[in-house]
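Working notes for the structure below.
Chain naming follows the written order as A, B, C and D, and within any one chain the residues start at number 1.
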Amino acid sequence: MSDLTAKRLSMDEFTAIQAEILTQWPTGRDVDFDEAVAYHQSLPANKIFSRALDKAKTDGNTLIQPRAGVALIPQHVKLLTYLQDEGEADLLPTTIDSYTRQNRYKEAEIGIEESIRENKSMLNGFPAVNHGVFGCRQIIDNLDIPVQIRHGTPDARLLTEIAYAGGFTSYEGGGISYNIPYAKSVPLETTIRDWQYVDRLTGLYEEAGCPINREPYGPLTGTLVPPFISHAVAIIESILAAEQGVRNITVGYGQCGNLVQDVAAIQTLQSLTDEYLRRFGYGDVQVTTVLHQWMGGFPQDEAKAYAVIAWGSAVAALSHATKVIVKTPHEAMGVPTKEANAAGLRTTRQLISMLGEQTLNTYSLKDEKVIIAAETRAVVDRVLELGEGDIAVGTIRAFDAGVLDIPFAPSRFNAGKMLPARDNDGCIRLFHPGNVPLPPELLDFHQQKIEERAHYENRKASFQMVIDDVYAISKGRLVGRPR
Amino acid sequence: MSDLTAKRLSMDEFTAIQAEILTQWPTGRDVDFDEAVAYHQSLPANKIFSRALDKAKTDGNTLIQPRAGVALIPQHVKLLTYLQDEGEADLLPTTIDSYTRQNRYKEAEIGIEESIRENKSMLNGFPAVNHGVFGCRQIIDNLDIPVQIRHGTPDARLLTEIAYAGGFTSYEGGGISYNIPYAKSVPLETTIRDWQYVDRLTGLYEEAGCPINREPYGPLTGTLVPPFISHAVAIIESILAAEQGVRNITVGYGQCGNLVQDVAAIQTLQSLTDEYLRRFGYGDVQVTTVLHQWMGGFPQDEAKAYAVIAWGSAVAALSHATKVIVKTPHEAMGVPTKEANAAGLRTTRQLISMLGEQTLNTYSLKDEKVIIAAETRAVVDRVLELGEGDIAVGTIRAFDAGVLDIPFAPSRFNAGKMLPARDNDGCIRLFHPGNVPLPPELLDFHQQKIEERAHYENRKASFQMVIDDVYAISKGRLVGRPR
Amino acid sequence: MDKKHLVIGVIGADVHAVGIRILEFAFREAGFEVTNLGVMVSQEEFIAAAIETDADAILVSSLYGHGELDVRGMREKADEAGLEDILMYVGGNIVVGKQPFAEVEKRFKKMGFDRVFAPGTPPETDIYYLKKDLGLLDQAETEADQQPKAENGGGEE
Amino acid sequence: MDKKHLVIGVIGADVHAVGIRILEFAFREAGFEVTNLGVMVSQEEFIAAAIETDADAILVSSLYGHGELDVRGMREKADEAGLEDILMYVGGNIVVGKQPFAEVEKRFKKMGFDRVFAPGTPPETDIYYLKKDLGLLDQAETEADQQPKAENGGGEE
């Protein structure tokens, strides 16, 4: 870790890495920065992601975006066209398959071949590296609205080069959020560095006049993540990105299920990210927010899945998130059909436009905002302290120490000591804080909330309570009451 | 109108009417009060409607209930069994067909015959009078949960006799709510009197130890009805019912679409009904509430219909209504299949149980409650004044004068001068008050709210605005913005 | 050119009052003269009103599901009353339940209706066909046959 | 009687970490000894762990959709390593998309899995079959064959 720092990569460092990266797979050859810039500049405004986001933020609208990706280009274009036209999507995704995410391009190639042979997608996403720059441009060329790469790739450098040269104008991920929930044994230091490369590349496009939106991945493991934890990660990744020249950032949050906590979370996510960026001298970065509809286990029954989708949409509308990522009625079963995906979008559309005029202003909202802000500050400030001013260094040390700790994460670089559980109103609180550095009065607050519930349920708080909460929504509840 | 009064029918008056009523159709013969009381007393607690409601109220639960009815008994039992088992319904309905509602039993008989011949229901509901007392009991006998008659019958006296003798333990309707939205030229005086008969019959069963729940029909025309109007009607019908001996009443409200207005409406509906009943000396009447999911035009697309259903469920849960009446994804198309009906129920179930723990407590909620209460009191008190203390007489005079005025009602005894429209947040306000007697400060408030919207939309408030609001939800919005 | 005259109403025991009120407003705005009989209108009342007002078209609305039973024999009765040439439309939710619209349309056309409108058809569509059938579209419009897109599902043909 | 030993893990490039953690907990509570290999486990790691711990069963979890590609040839490799008799289960969301489960089950059984579990199968069901297949049910239970009802859709067979 000796030389990790939050500072901007020098051009020398950058080009040295680039030379190596572009030879990792044959399609890397086709990346030509100047030609790519020209391609970006030829794009009409309606295909540029950050334009759509900035406009939505100004207008107070919430945009809707699905997840979707299949193995082959024509089928993928057809799928996205369908989601655009029949799903009424405002923004489109290109979800990357799991082999590509692990840089296993050979296995992705086999997946492509099998998909051709079996005439159905054998991959769970679009293998963009294998399809290369010109494959990607077929997507951009054939659609009328902005398209984003969504994935979960610890080392996304080659993918980013190809995606940007391929004309994508938004890119999800970050050195923490695409490591801890998505990898088992990749050191954080490595992914932070690799994502500094991605952010620097974004900065280079930005400086060449091609705006590219970056989205730290908000929901993390999607499973009982308390808002302040994902807020802390979002803020850290935003600062890291801004340092490399990123100018348009969407910070994300996965719905927890309690209306007040969720609205408070989206609103504080916006204000705290703005605040920290300003503090670091990046007041000019344009920040927007995204709410992810419930990211944990879904009910199998489609009628019940619609209920969960609709509730996420209502929360996105009432909190005025800039966009919402949409689930489908097939969520619990598998990668959705295009029809199921479009249905989820239309359910969302109906609620977003029905409720877009309303705002929530509850007594408890104010309290909850104060709480989330205090929690987030406690964590982020401790990270800075640990890094002796360098937020990259601080992040590594914070994960080592369990100061940053993400529930249910697969990574062995995550402490996994903090245990979350719901309180009696369904807000996510800490059942066991591990080493998360909340001040005593907040720790008391969390403990008291969990005890309230334990008392109500007439049982001790235990890991069984956490498990019950993991299953709860798929079984039709928010709080996992004893059976 | 000379002899109309809110006073209890004497036993002589009652039996005179009864003798006549029971000969209106041959099945009337089978009604035998003492035998019916014995049948009711043989029913297990799980089949008794008011028991289920009282328990839900105590527990703070919201029960779910569909609408459903087909022409033939075996098919109807099968349908209800399906909704009980696959739809997870807590309460069941038996929705009556439109010919029976108009006392056109001969046409209903033709509908039954055609339904047998064509092997599908040619009627839009269950013709309970034609099927008679023992036909009805087949329904009660074959189901495990309480069943209610739901209809829209101006003169429901024979239907009630048969339904009660048939073992139903809950009955929807009222002299105002089943006239003005459901008839064209039946005088109010007639229906109020006919429903006093229904209520007195309910009272007789109650006095014989057979609890029967009564539900004034809340949503009226289901189309932009401001909460205070339906509250006024619900309170009046509750008082009229209580006078005849009814002891268990569920007052209803059709969702308007704005979260705060809807939660305020359910909460004030409970408190104001309690208050007026107490004032009239009926403090011992058990009052519960029902929220009807959006009763106006639905979107055709099922994915969007699910969104509307889910939002209604969320509001029912957050307002802690005692029960919720459920719509289906087929709403805009036609009478639903049993599968569509069960799907609507399961969407509702998911949200009710997910959100049941949460409560809303907004700054604006308090304001909205104050407003709805003041509006309702202004109308009900004026009705009492007009009736010189007699609320039945007052009601007739109030409709004559447009003091009570229901938007879009088909009845020629309704003034139709008041015009509702949504404000900028989607709350239903008065665009034109007609003769509805709101105090000046409230009229100002309404006017200001509508002007705010007109200004925002850069157009004058006009009937076009009302039309746009009528279509809005079916087109994916709440407020009907200019195209 | 004289204004064309329409008789509209909701047939049978049906009390759905909202749609017909909006149709009345929309048809007036579009330049028609309209007699709105309201809800719960019998076949006889439709025919009498059409004779009395010398109407060009009768528009029957039915929402509640009994439409199929309620309109039987109406065309024959109208013909007998001397209204052989009168245009007759039917629309709303005219059968019980969600049925394939093509089949429903066939059944109602067989009963003598000139056009049959699916649930939720917007007034613009109705007006377009009325103008077309009553010879009010100018050449260009007819040739382009620019039937407005049904916003809300449905739409005829 | 000795405790039975299970080797569990999530195969391939799959990082879904929640289900396997809960299975570990549930199997321990049910009286099994469990080696949880966590996520991103290769076929070789499963087999090595099973040999090392002298396991009675290998339970392969796959959520992310590539399960069908990831488990190919696993049974053969296990047999070669001398694990001919080891019980092998597979479960989770083992194929891409919502496919008819009966067909999916057939394909995986053909690949040598003893039982195949549908999406969202609750631990009680897994435990019931483990006990059954490992001879841990007493006579009465086996005769009644009281497979717990899958609460959450799915369930095997």
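Here is the rule we use: a residue touches a chain if its C-beta (ideal position, glycine included) is under 8 Å from a C-beta of that chain, and two chains touch if they have at least 3 such contacts.
The model shown is predicted, which means the values in this text are computed figures rather than measured ones.
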Starting at subunit A, fewest touch steps before arriving at subunit C: 2
Rounded Å distance, subunit A centre to subunit D centre (Cα mean): 31
Subunit B-subunit D separation of Cα centroids, rounded to whole Å: 52
Centre-to-centre distance between subunit B and subunit A (centres being mean Cα positions), rounded to whole Å: 45
For subunit C paired with subunit D, centre-to-centre distance based on mean C-alpha positions, whole Å: 63
Contacts with 2+ other chains: residues of subunit B: 299, 301
Contact graph of the chains (line, ring, star, complete, other): line
Pairs of chains, among all present, that meet the touch criterion: A-B, A-D, B-C
Complex interface listing, subunit B residues touching subunit A: 257-260, 299, 301-304, 306-311, 313-314, 318, 342-351, 353-355, 357-365, 424-426, 473, 476-479
Subunit C residues within the subunit B interface of the complex: 12-18, 21-22, 25, 38-40, 64-66, 68-69, 93, 95-99, 119-120, 151-154
For the subunit A and subunit D complex, residues of the former touching the latter: 98-99, 101-102, 104, 107, 110-111, 114, 120-124, 152, 181-184, 221, 223, 296-297, 299-301, 330, 332-337, 340, 408-410, 463, 467, 470-471, 474-475
